[in-house]
Each structure stands twice: as structure tokens, then as C-alpha cells.
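In the two complexes below, subunit A is the common chain; its partner is subunit B in one and subunit C in the other.
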Partner chain A sequence: MVKDKGLVHLRKQNVKIIGLFKAGRFIFPLLLLIILAILQPSFLTMSNFVNILRQSSILFILAAGQTLVILTEGIDLSIGSIIGFTACMAGSLVINDGNNVIGIFLAIILGMLIGLINGYIISHIRVPAFVTTYGMQILIRGLTIAFMKGDVFWGFNDSFRFIGAGSIGAIPMPIIIGVLVLIIFYFLLNYSTFGQSIYYLGNNRNATKVSGFKIRKIETIVYAISGLVASIGGLLYLSRLNSAEASLGTGFEMDAIAAVVLGGTSFFGAEGKIENAIIGSITITLLKNAMNLLGISSYWQPFIIGLLIVVIIANERAFEKLRNLILVRERVN
Partner chain B sequence: MRFKKIIRTPGILFIIILILIIGSFISPHFLTLSNFSKILYQSAILLLIASGMTLVITLGEIDLSPGAVLSLSSMITALAMEKGSSVFLSIIVGLATGLICGVINALFIVKAKVPAFITTFGMMSMAKGVSLGLKDGATVRGLNENFTNTIGGNIGPIPVVVLISIFCFIILFVLLAHGKLGPYLFAIGTDKEAAEYSGINVQLYNALPFVITGLLAGVAGILFTARLNLGHPTGGIGYEFEAIAAVVVGGNPLEGGRSNMVDTLLGVFALSILKNSLTMLGYPIWWQMAISGLVLIFALLVPNILKYKLIRIRLGDKQ
Partner chain C sequence: MHNKRTVIEMRNITKVFPGVRALDNVSFYVKEMQIHALVGENGAGKSTLAKILAGIQNQDHGDILLDGKIIDIHNSRSAQKLGIGMVFQEISLIPTLSVAQNLLLAHEPDLFNIIVNKNRLLSEANIYLSKVGLKIDPNRKLQDLGIAEQQLVALARALSFQPRILILDETTSSLTSKETNHLFSILKTFKSNGGSVIYISHRLNEIFEIADHITVLKDGLLIDSDSVEKFTIDLLVQKMVGQKIKKSVRRNISINNEVLRINNLSLRGLFNDVNMFLKEGEIVGIAGLVGSGRTEIAEAIFGIRSFDTGNIEVYGKSQRKVNPILSIKNRMGFIPENRHLHGLCLGLSIQKNIIMASLKRLFPKGFIFPKQEKETTQRFIEKFSISSQSKSRPVRFLSGGNQQKVVMAKWLCSESKIFIFDEPTRGIDVKSKSEIHQLINQLTISGAGILLISSELPEIISLCDRVYVMKEGKIVAECCGNDIQERNILNYMLGANNEV
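Right, the complex of A and B next:
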């Protein structure tokens, strides 16, 4: 069969253009940036960008852990409660004993432990992740309320406040920690056997098992990492907020999931990168900023966020379909 | 052999029996008729949402929106009544709200091929936004007395809320067990492509569970409004997770392909009597939360451990 080379070339270009349109998740934050810049000329300053990065870095840290979990085709609904629990524990230690190091250490260990329990139940006993982490969410929140008994810890010492509200030079601490998390997760996912096995696990559980990976161990570690990262995010949040109460972190898991999904990581596992979580968390932060600037009441804000999530993903799916159609036609030719 | 038989009975039955035994020891009022009618009354709304959710979970999908749709329907019904429309019209408006939300969900999932989790996540957020935004987060009071008296009232000894919820449950039970719907949903939940090749209208049957769940959330919203005598913008939040938990705790697999309405009923019943007995114990709310979380995990943990033991026994037999 004689190929019409010109036509094929054109079609390949089409695929590229469509690929560009498909990337609505890049275009949308840019659009938001432009709107914000028009609304408020002072928006386009370096300090403001740093500010937005600072706001989105905590969300990114949570979303990074959630990305790993979602890559294995799981979900972690417990991170909001883990944040509350570990932050309150650390808060009480810091306030009552003035011991920052032990407080932070305990929070991180506790977060990891809760994640380990999640992971063990999910991977070894095969209780669905959704139910396990939902049960854990209720359980841990109950324990947090029991522990706090309605108290509020506030007014932390300066060195504790430094990790969330301080900065080294011009760069705030949350950004530094966020970048550290990004680097570690990037190398973990792209350059380690463990990272590869996460993708394999999300793609095909049985095949991964048969290939000799210890899937139970991998899955357990993934949930442990999610818990650990959540507790780090919680500490940063606590330090910035400067007060700890039992309801701290409620609903954060939903924000993190929204950030992961908006970034384009597939919900069916094995498809997505850690970079997607950055785009997702920055988009959500920008969106919230823009809505506040536009004076949209906080009651209507969830409506717009929900609408945009659905529309952006629908748009992406539509272009994906179009691209596949063209690719299939090309193959037929 | 005997071991196998024990495992085949749904694990939730053991938990229900356990709660019943412990509850009857703790309080003399636990095993009374009046307490059970109270439990039924409290679980009516959960039952409605859980029975819709069962259909969705049969597909291997999840619907996160019914809780928020419930609140939206509650707000819109109450607002319609506040604006002076008749009871009948307000109920229709409330039902339509749920139906429209369900149809939008279904359209996005079936036509735009957006994953159900994301669509319903977005719908949850949207419905929450609208129901909060309608009255700036305030509740709507001053409902028509006819409305609260009929739907919030009793027929004989049984509350109307319970009757409506059981009526919806029975319809869905019959549909799932005796109609085309059940086998088709099982087929799609097991293997979508195979279902399509065998001539099932996959798009239609993929959409139906979401539409039904939306409609049931609308019904639940109306019942909720009648029960509380006000339109509540955030009252339904959390029902979706509770419903999913009830369905799964009852023994329906989250991966889909198989489901049983009776299991869902058992799951709802178990969660409700658990809550009721914990309240009777007089435990503070945090212990109630902690224990419910534990029971949720253990309800699936124990049967799974037993299942693995069974597999090991079988393997041992073969060797």
C-alpha cells in the first residue's frame, strides 16, 4: 500500500496540536494567572509568586503522598485525620514541655505508624483501601477529640514557628520542604526499583506478584509514606497556623485528592507523575486566590472548584478520544 | 466442611448478633420494640442512599455525591415551600433536583468518559457550593405544617419516613433480583467489554445506577427536611461515606460484579444498631467515633482472615 506521506505528516501534526489542547491542566492555571494579573496589577510581583508557592507547597506535600497511593490504584482517606492527630500530639508536647525535637519526631513517627497499620490491613488482609482508610479516618478523629477534650493549643515558640512561617533568605521554609519532598519523590518514582514497582503494582497486581515483587511490602510502604508525608504537612500547617485544635485538617484528604486528579494522574493507577501534583496544587491555590479577589462568597467557591474539576477532566478525556481516533485511522492507513 | 459453611454466611451477621448480645446486657431498653422503631427511624435515610449506592458499587464504581445532593434537595424543597409553593410542588422540585444531579453525573460518566470518582467528586463539591450559596449557609425554617405532619408523621405505629425508605428499597430489591437490571449490572461490573460484545446497552445500564442514586438522594433530602423540619445546607455531608461503608460492611465487594440488596440492608442495620448501642452506653462522641471506625475495619478484617485460612486449608488438602 502506498502511503500518502504528506497526509500522514499532517495527521501527526494534528496529534501534536491536540496533545497541546489536551493539556488543559497547564493552560488553565496560566489563564488564572492572567485573570489575576489583570484584576490586580500588583499580582505580578516576585513576592506574590513566592507567596502562592508557599500556600500551595503544603497541599503539594499532601498530594505527593496521595499520588503514590493513587498510583497503586488505592486511596487514602485518612490523611486529614492523621494531620489532626499528629499535629495535636506535637502541639501538646511543644506547648507543655517546650521540646520541639521530640514533638516533631513523635508526630512523624505516629503518622508513619498509622500509615503502616493502614497499609498492613490493606495489603495483607486485603480489606479495600477505601473502607480501611475511611474507618481509620473516623477512628483517629475520635482519638484526637478524646485527646484534646476541647482544648486549643496556641502560641508556639519561635523555633517551632520557624518551620512553617519562617524563611531562609527569601525562600519560605514550606517551599524548601516542598522542594525536598519533590526531589525525593521524583528520584523514588523514576530512578528506583521501588518506584517502578509502584507503577507495576497499579498496572497489574498479579503480574507484579508473579514477577517476584513483594507486593504486600510495597503496598504497606506506600501507605506508610502517605501517613508520614501527611504528618510533615500537618506540622507545617500547624506551625503556620500557630494553633492546634481537634478539628485540624478536616477535609484535607479531599483537597489532596482534588490536586492529584486535577494534575492528571489517572484514578485507575499506574498513570501519572509526581509533577502532576505540583500543577494540581498550584491550580487549586491560584483558583482560591482568584475567587477571593473576585469577591466570590466562600459558600459558592466549592461549586466553582467542583465544576472546574469535572470540566477540565472531561475536556482532557475528549481530546484524548480525538487523538486516539486519529491514531487508529493512521494505523489503518 | 463445617468451617466452609460458617464462612459462607455473611460475616456481618456475627457482628449484628454480637452487638445485640452486648447491647442487651448493657441496657434493658436495648431489646425493646420502641428502641427498634427508633433504630429504623434513624436508619431510613442511610438505607435509601445505601440502596442506590449498591447499584453503583455493583458496577465497580463509587458515587461520592449523594450526601451533598441530599442537602441540596433539602434546601431547594424548603426554599420552594418558603416561597409559598404547595407541598406537592415542593416535593416534585426536590425530587427533580436529585434526578437532575444524577443525570448530570451519568452524562459526564457515560458520554464524556470522565471517571465516576472524579465526576461525583465534582458533583459533591458543586452541590455543596449551591446549597451553601443559596442562603449564605443559613438553614431554611418555617415549613408548611402539612408537609412536616404528613411525611414527618406516622401511619399507625410506623413513621412515614421508614415506610418510604422501605418502599424504595423493595423496588430496588425486586429490580436487582428479578429484572434484567441485576444480571446486566453484574455483567458490566465484571467485564465491561464482554458485556458490550454480548449486546447489553452498556451506556444505558452504566448510567442508570447514577440516575437512581441521584433520585434516591432527592427522596432522602425530602425525608430529611420533613424529619428535621428545616432545610439544612450541610446536613447530608458524610452520608455518602457511611452508605459506602454500609454496603461494603454488608459483604458486597467494592470491585463490583456481584451484589445483594439484603447484604446492604444488613450493613445498614449493623451500623445503625452499633450507633444506637454506643449512644445507649452513654459513651462520649469521641469514643463512639473511635469504636465505629474500629468496627468498620474489623467487619471486613475478620471474614478476610477466615477466607485466607480456608484457602490455606484447601491448599493443604491438595498437597
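Right, the complex of A and C next:
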């Protein structure tokens, strides 16, 4: 009996440790907030907060698509190029014809189509996602460069500028669209059979197939969604930036992947939530904001971001291992 | 002939695995210039005994004596040094390396010679290959060779350590008779040079051809050990099986409509012209050795594997092609041999695993109602008494028995009426095993038809109404009623009947 008591006690302790692990990814952004508030009074202004949230929203929209892809144990490296391509196509239509609706519609359809091609190659021809989307990254960027031929489109009409730079009441449009994406993705992952099948697929491809799922279809759709939301994020970015050139969106895929993984979604599939992408997006945006406010040299900023990503992810893995160890010990046969 | 020395002796060897006594106080010895056959059913303890000698597993009790001195074999390297070589049932070489590299792996001709002398490597490899009469280019990658050639390379490698005792575990299971004869001539040469062989095989005819001495194991116990002249095939089978009679745990169940019929199903190289049927309320066993095509047939019926010719009739509806989606619609469930590979999402909860194959049926519009999901799965968790502290905990942390119950619950939840069980109790503790047997039995009471594949004959005998016996991709016998006896089935499985 004494032994039993000891076991129960240990379990309570373990619950605390696991709780701490779960809280870990909130602690870092909170800590950053506090330090900034102390060191830099201008950080605490309303306008800075809105600014951070607006920037995070665009990153979050990209990270939301990337979350689905990473949950299937995949990766989408092509979204930066999709952003550049679709934004430039839309930009050209808006500038030349002044037709906002067709421009936006075309951008979204093109983004989805490129995603579909990615998904088809990955799921049907079985080329690894890394290789496929890396190839697509170069291909699409090349297409954009060929299309733009060094041109820059700038000075968009006011109604086009509204989607990225405008606001309804006090809330900027990117935040509104970001919240919409969050609601849709939250519902998709938690309350739809399609979302559930993404978790199954990421966890065990074979078992998912045996259980009657069309795994190729699921995988293809996931990449199509990633391409689609990338083009939406790209439009918001273009609208706010007010200028389109061939290099638009370069490297965005890395920020999106970092946001997903920083938020705590496992790189090995099937573990993670859409909420994680919010935490990750805000963390990265906060970090960039903080370095600017603190006057850290822009030469050193990428180094610090890289360092923190490595440290946070290594820390998460260590906790995860600890958690698994505890669970295995507690396992009752 | 009479006064040969004892080379190796095993005294009172006991080895216990969780839930099973693999070896129970087994003593046996091998003399010089002797080919010593170890026979027994699956799980009798032959491979465990061999692995203890080769240093891959350690005994819990008992001593091993080499030339009368107690020795300690703690790993395969020390077994090699003591002159014990082993060729495994599964190929244990590295497929992506060349034949020469595989042969000289772990030989370390010069300990500090980091740069490998390629010419020397090749010439040494050729010496070893010639010993087994294999004429192949040692530069070829192992994976490009046929299974038989790979087995011979494995043998060449074992011989390259110049062992005094050679252990062969089911080496001939993938060889043709010509290749087997070649292997036997190598073994005979090895024997005449003073070596001893421990030979494990299911092919009883071969044993009478090559062995000098036979030791029979059953359920971890030594049943008999004597020179080959004292045995006949019939006697050997009887000893392997023991005197068990059919003890049915089944009560009388009305067997009605046919639910499944397999017509002339063939897949080149794996199974050939297979015909079967299954009725409502019936448990039909498929017995056969590993590699007899039984798992492949099951996978083809469910649609995980395609087939070349033939068709599958489910409830009278003939199908030329099947896939899991169709099979699930046809109310079929598949409990796979490897539950980690084909059965479970290890990282997800019990609930998510149970609901897996029913998601589309329960929520056809694509929206999940968590309350309904919870209530549906809860019924099965209670029914199967799956024990776990938390339903949200990944099934990775459940015991094997509970994991298997989750797989079964999944197919019950999807309202299956036809179940294919492939090795349902492999690696499962004794308590869960009997629970699973009861559950299988209960399924038939509610009218389900069951195909049961198992390596454990007692399982098949106690549960099945009818048994198909498979050998080398074909159904060689169908046993009903009183014919369902271990001895009978084993005879067909091993093919002793047709060849004596």
C-alpha cells in the first residue's frame, strides 16, 4: 500500500512537470513582453500593439496553411514564391485594368492551383515534399522574374489598399482576416472529418489507408489549402506594402515554418494545433519588434532570431522526451 | 562413430519472456562431427535456444559448457571467438554493402589499418565464397542477389570465422531443392572436417536426410533427444504435437448464409488458385508456416494488396478489384499481423483510434459531433475493458493486449460483420489473450463470420469450425470437425504426408 501511495504522489508531480512543459511556449513571449515593457516605454503604446498584431496576422495566415502541411509530416517550401507570383499577377491586373475583384480572384485561384500541383506530385508520384516544394519554389520564382522583367508595380487604388492597410473601426483588416482564418482552421481541425483525417495521415499512413481514407486526396487538398492561404496572405502584404516586385515574399516560407514549430507543433507530424501557429507567429513578430525598439543592429538580427529558434525548439524536444519517459514509467500493463 | 567427444553442452537452460516460459530446464549436448536437428512447432523454443548459444540472448538459469568447461557467452562477438557461428532465419547482413564488404565485416584483418586494401578484401572474399561454391562477383551489392545466394553469403560469412559449431536456423525455408542439396554437401564437408552443426528446420524430410541426431522441443520443454534411426516422420510429428485432442471452447452455433467466397485467387509468386468460403457465425482458420501466403491472402481479401486473377464475393456480390474503402462498406474488418504498422495511430488517443474506421459512416456530412464521438467510443472502451488512466493519452503508452483490443474495437465500431484476424494474439500476455479469444467467440454469436490466421495451432484448434491449411501459396487441405487436430494440420503444413 505504501508503494501505491508513492506512485500516486509521483504522478501528481509528473502532472505538474507536464503542465510546465505545456506552458513553456507561452512563457517565452510573455517574458519578452515584460522585458520590453520595462526597457522601452514606447512598446506599451496602443499603436505598437496593433502594429504587432497586424504583422502577426499575415504571418499567422501563412503559418495556418503550413500547420496543415506539417501535420501530415510534410513541408511546403514554395509559399514564399507563391506569394510573389500571385501578388505580382494580381498587382498587374489591378494596376493595368483597375479590376480589383478579378485580380484578387485570379491570385487565389493561382495559389490554389500551384498547391494542387505540389500535392499531386507529392501524393501521387510520391516525390518527397521537401524536394517537390523546393523545386516549385525555384520554378515559380523564376516564372515571376520572367513575368516582371524587373518591373515594379506601385501605387494601387484605394479600395485595393483597403484590404491590407485599411481597418474596420479600430481593427485593421489583416487582423479581421486573420481571425476569420483562425476560426475556419480551428473548426476544420477540431470538428471536421477532413481535419481528423489529417491527424490520422500524419500519424500512420498505412493504418489510415487500411481504415478507408483516400490518403492521396487528403494530401493533395492539404497542399492546395496551403497555396490558397499563401496567396491570401500575399494579397494582404501587397496591399499594405503598396508595391509589387519579383522578389516579393522571398523567405516567407521560413518564417511560417518557424512560427509553426516554435508554437509547439511537431515536425514529425500529427501533433499540434492551429493555436500553436498563433503563439509562434506572435513570438516571431514580437522578437523582430523588440530588436527594432531596442536598437539592435540589423546586421545581428537574423543571428538572434536563428539562435532563439534553435534554443526554443531544442528545449521543447527535451521536455517532450522527459514527458514520454514519465508516461512510459507510469504505464500500467 | 561411438566415441565422439561432446563439444557443447547446455545444462538446465531456462529462459522466461513476459507471459511465456520459452525454455524450461532444457539440457542437451552436441557431439563433434554431428549434425544435430532441433525440431518443434512455432514457439517451441528452438530459435531461443539457438540465440542463447549465439550470444544474442542470455539464459535466465543454467550453464553452457564448451569442452567440459563452463563458458559465458555474453554477445555474438564472444560466441564467434568461442567458435560458434550462426546463420539466421532472416538475413542479418547489410543489403546495401557489397558481398565482399559483408563477408569481411567485423573481421578487422588489421586493427589499425584504416585504409581498406581493396585487392586483399576481394581475394579473401573469393576464398570464402569458393568454400560455399558460390560463383559471384564479390563487388555486387548484396541486395542485388537472390535470397538463396544471400543465404549462402551469410553461410560463407559464418564459415569465415572458422567455427567449430555452426547453427542454421530455418536456412532452407527459402531455398529450392537443388540449392538445399548444395547446402547439404557443404554441411557434410564441414562435418567430416570435425565440425558440429545445430540444424533447425520445419522441413522434416530434410532432417531425415541430413541429421544424425534429433532433439524435439515442445512449449519450451525437451520432449526427446535421440539418434535419427530411432525416429520416423510420424513419430516425430506425434512428439512435436504431444497427445492433445481437440478441446473446443466453442458451443454450437448455427452456421447459416455464406458471407464471403474467394474464387481462384492468384498473385504470382505469393499465392496460387486459392478458393475459400466463409459463412455467417463461422470461424475459419488459415494455418500455414510463415511465408506460406496466409498473410498475403488476407491482405488481398481486404484490398491492401492487389491480386492477378480470380474474384472475391462478398454477400454474393462478385468483385474483381477491392480496396479498403469498399471492404469497409461491405462491413469487413481487418485486424493486421502488425498492429503498429497497419492497425493503430500510436500518437493518437484511444477514442480517435476506435472511431477511425467509422468516421465517414457516423458523420457523413463531414462535421464531427464530439459528444456523439465520445458516447460511441465509450461503449467499446467499457465493453472491451480497455484499461488506461486517460482516454486522451496516446495509445503508444498502452500494453500490447490493450492496443490489440483498441484495434478490435475499431472494427466493431465500424459495424463489421466479416472479420479477418491475422495473428490476433502475437506478443500479448496470457490474460489479454484469453480475453481476445472470448471476444472472437462472442462475435460469432452475433452472426459475424471470421477468418483467423494464426501460427499457434492450439489457438486455431480451440477456436475454429473449419481450417484451411496453406503451404507454399496453395491450400493443401481443408479440415472440418474431428479432423481439426494438431497432428493432422501439422502434417499438411509441413507436407510430411505427400512425400513419405
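The rule is short, and it goes like this: the second predicted complex is superposed on the first by the 301 of 333 C-alpha atoms of A that agree within 3 Å, B and C clash if a C-alpha of one lies under 4 Å from a C-alpha of the other, contacts with A are read in each partner's own complex, and residues count from 1 in each chain.
Note that a contact is a pair of C-beta atoms (placed from the backbone, for glycine too) under 8 Å apart; a residue touches a chain by one contact, two chains touch by 3 or more.
Because the structure is a prediction, the values reported are computed rather than measured.
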item	value
Which superposed partner A:270 touches (first subunit B, second subunit C, both, neither)	second
Contacts of A:132 with subunit B and subunit C, given as first, second, both or neither	first
Touched partner set for A:161, first subunit B, second subunit C, both or neither	neither
Which superposed partner A:314 touches (first subunit B, second subunit C, both, neither)	first
First (subunit B), second (subunit C), both or neither touched by A:196	second
First (subunit B), second (subunit C), both or neither touched by A:211	second
Winner by number of subunit A residues touched, once subunit B and subunit C are compared	B
Touched partner set for A:300, first subunit B, second subunit C, both or neither	first
Overlap of the subunit B and subunit C footprints on subunit A, listed as residue numbers	none
Residues of subunit B touching subunit A in the complex	62, 108, 112-115, 117-119, 121-130, 132-133, 136-137, 241, 244-245, 248-249, 254-255, 284-297, 300-301, 304-305, 308
Subunit A contact footprint on subunit C (complex, rising order)	302, 304, 324-325, 327-328, 334, 336, 341-348, 352, 356-357, 359-360, 363, 366-368, 370, 387-389, 393, 397-399, 401, 410, 429
Footprint of subunit C on subunit A - complex, ascending	190-194, 196-197, 199-200, 203-204, 206-214, 270-271, 327-328, 330-333
In the complex, subunit A residues that touch subunit B	77, 121, 125-128, 130-132, 134-146, 254, 257-258, 261, 266-268, 297, 299-307, 309-310, 313-314, 317-318, 321
